[in-house]
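One structure coming up, written as structure tokens, with questions to follow.
Just so it is clear, A, B, C and D label the chains in written order, and each chain counts residues from 1 on its own.
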């Protein structure tokens, strides 16, 4: 079976990664790629690594161009997806990699993004625990999917098992992330220049202002608490891709170290793309580069009463494009792992 | 005035950085450099960047070779300094960059290092607040100085002001560090190979096992609490030098955001080498590369009730060799800033 | 159809890359992985990114362990393959990623390697032009294949078309390569430490001493000249993988710029894995990261009478493991491109 | 003695490096810093590493603001310096780090830059051999100095000794450079984004189009030939600073290997900032990071009849700002090495 596919925002990093994965996916046929300022140019001028797609030319991102495909993936700046999606036919599967359809609470949208609120769609983190099951339940047969924020899904996957199992406190969570600059997109900003990133570590959005915070707490509430609060600090480090999230939570009174570890191991025991490493092992982002895998290592620090959860994700794959395709696989009834590798490209 | 100087462990990274700084210091005259396996070889074979010292040859690290200098800097593996220092004359100023003389509590030494315990010396972090004043008080006229652990002093400087001022809780501290591999020394280990570090973030000593933890809590207790506990996780990232420590602490009930900021600004108002950035500014490690500066940015996250303190340090300078020289300046009665730059080499 | 496969030297970088590619190859079934010092340990302890192979345990590299597979890939230090291969059954397809079976002239072996000479096998660069056709001709049905040296094949592919077409002079060639440290293997050497590679460019084997030089001139002679000489300088730069070879050659009297370009375009017009970029475009190593593609850009500098050929290759894929698998595909009668992607992982 | 100094273009990379060096220079007093779009803002907002200059505010780049200083350093885009300098008083020492006053031949200017031609000034490479002496001869007492292009001076210093001594042929030179992105300035271009530079090598200006080519051949002609031609290819690699130039030249018939080496050793025997390494040693860019040193290693490849000269330079120091200050020292009669370190910051 082959589904026709369009990718909007194809000249950016998320768009490029969607295309890299789609190009080798056996059930998807990329017919159309679109862009904004770069429309009219060959795709390969902007994605020179996509050698198998060098016949494609970027078209304009309009409803007319996007209509008529079985699946449309959107990799647009926030605020843009909402405008486009309203005019796509209801029978088209639309997967939005932007932020426009992630937040269920309009107040969160207003506080962290602002502008028109477009409403929440099925959230594209299949493994995420919810009070009624898993994230994938809402994806089966879905026609509208919001792929997650890369930082947000990494942290949510890191902490949800402990909350769902009741072994960690949902308040006073702390998460510090080492992130590659590709997560910020192909944006012409001084702080994203190579000379500003090479050889240095650079924090941003310090002190509770990052837009992924409400998305994290929303996921943690879904996992089974009525309140969740997290101190969240991302640090740009000199690797093009990757997120290494170090998250800590206070262990609830009486939970043993074994019970804590078991919460994570049980939660992800049957998941192909979220894997808990054995005691004493911790992941590196290189281990998941190019892969749709989230690798989790955890340690209980009994001296301080906290569990430390270290999770490695490729921000462009499991954090964005891989999550989008995994979710689309589920929505279309394909095997969930189709076209997605668990193996990283290392060293 | 010119003091004769010997540097032991001159073929390693800390030794090399001591020599780089000493070479341009107006009051120090490097006469002798020693090594272990590399004794007999030209210094420049191991430190090809030290062009002004290319006349020096590495000698053996023995008491006889080191004796007869006004100042001896030691950059040796832990356990080695203690052996050497016992046989150096009492009138020689000895500055140890290793761990052997940092911990005041032998139980801490036994738990995190083991082997012979050599006793604590004056601790080389002049700016550190203590219940009776500053770290520099103990350095004036000292003949034995323990330069700090790079991670330990970075975190201690980050959190001590809040503890001294009583605006943060000393328990449930969390610190996550992005660190360069040079902090681990010139060691032939697989995880320090370039192919293992480039393009990736790699956590280590997760869960409370890092040897700098007792050194941190010792400094925090000295700042004015009888208990301190910290979750501490270092992450190696692909920059040769630098520490970016993101530390968070719960704000005590009733402390305002202004009071929190004031604690740090007051603590370091007169310090040349520890500078607090204005609200909204946060440091990068590049800003302090090669400099003896610790740059601190902080934000109060009122939603979660925590202060986030981000501190950038060059692990080899303010974290090690610069701290050693700054402390020696104090001990010898030289102006504290002699031979040390506050300006980083960026980009 | 499924062929059983063993990989010897599975804990190193070349072995790891063979396994990464084999794991997703539809016709190969990895049954056995072997190592030397690491025998007895789980593969994943040494290749933590190979999540789909985490059931495998490293066995000892012995003829007994390797026998009984349809295909054996060897990723051993030079001198070791020759010892092992003599005892493997003739009907087994053996692909050696080491140097032992590459050089046809024993004098070259003696001059650049030394020790026992094991004789040359079919050379695993299918696209390489020869006086009688292509490198792949010798691979069809072969039972013994020597995968190429990564630098050697990159330079040979860069220059062979000009020599075969008679548009460049085979003498006075110059090639300077920016290479990642993974090409040197997982070796515990000081110059391969991260602190020695990050933020710096480091030349080695300057002045005609690199072991890949005779392999290059051998390939260029095969392409149609009786003499070839090249100044060859590799420079390690801070990227884990990749080769960017900048090669220049004097254009023969009378050859037009158009004729020069046509030599390369014609040579590789039908090759899936060697692609010549349009005029004015030049490749980056990121464009081929993880891919089996060699990307070539060229420019005629009429002022100096030289053509400049810039070629990007992933040293571990098209330079080693991908070339090995592509060659095995040919030898076994599988479609040549099976299991190999042309698309790089970027950014 | 203290000279008052203004730096124009102070928010860019070259301007920042001028200020870093000037801040620790005992005879210069930075009074004024100017910028274009950033005028009115604190310097430290754009140069957060210059902690000792955080009292300075960027002013507009006008003749009025710049006038009245003893020395004016210009770090402006090409075409801009020429406009400014015409209105500065003749008694002011003006050092231009841009290209406007480097080329002696207006035809070169027209071919590689275009626009108004402003005429050549004394060229700021003191060590460069000329038919009548050294580059420094023209700098003594000069009031107008053109600091060199970083790539151009690196290659000129690499090859001039061989040409001056008559041991290499001036035609058919080949130079390939690994360069850091800071050489391209703080420009908002896609190819300078961190995600485009990390983990990759990227050639540009391939085939004889780079603007430093006429500057190189001009210097080589000055060293003693009436014709010089060079194939020149720069490759951006993931290090913020540094140039590693690998240059090769055909050895003239009859010149021995010893005579070749002697040409370089003799040329730079008395130079503090240009050092020739012993046989078998080659430089890394890390060895000169932050230093005003050019380190040169050379090997004679007798098989191919070429000498290979590898030179490491910090593009922002010896390549630009250090050369400017060294030249200013000479012009003002200060010791040439004042305020400039020979030691690199490594690792």
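Operating definition for what follows: a contact is a pair of C-beta atoms (placed from the backbone, for glycine too) under 8 Å apart; a residue touches a chain by one contact, two chains touch by 3 or more.
Computed from a prediction, not measured in an experiment: that's the story for all the values here.
*Asks:* So which chain is the furthest away from subunit B, centre to centre on CA atoms?
*Replies:* C
*Asks:* Over half of the interface residue numbers used by both subunit A and subunit C, so same, or under half, so different?
*Replies:* Over half shared, hence same.
*Asks:* So the centre of each chain is just the mean of its C-alpha atoms; given that, what is the distance between subunit A and subunit D in Å?
*Replies:* 45
*Asks:* For subunit A versus subunit B, what separation do you get between their C-alpha means, in angstrom?
*Replies:* 38
*Asks:* Send over the residues of subunit C in touch with two or more other chains.
*Replies:* 13, 182, 195-196, 198-199, 238-241, 283-284, 286-287, 289, 346-347, in rising order.
*Asks:* Where on subunit B is subunit A touching in the complex?
*Replies:* Per the touch definition, subunit B meets subunit A at residues 171-172, 174, 176, 178, 195-196, 198-204, 206-208, 229-231, 233, 235, 237-242, 244, 246, 248, 250, 282-287, 289, 297, 299-306, 308, 310, 312, 346-347.
*Asks:* Taking the touch rule as given, give the residues of subunit B at its contact with subunit D in the complex, in rising order.
*Replies:* 13, 16, 20, 23-24, 47-53, 182, 198-199, 240-241, 275, 281, 283-284, 286-291, 293, 295, 341-347
*Asks:* Which residues, counting only subunit C, touch subunit B once they are in their complex?
*Replies:* That would be residues 13, 180-182, 186-190, 192-199, 238-240 of subunit C.
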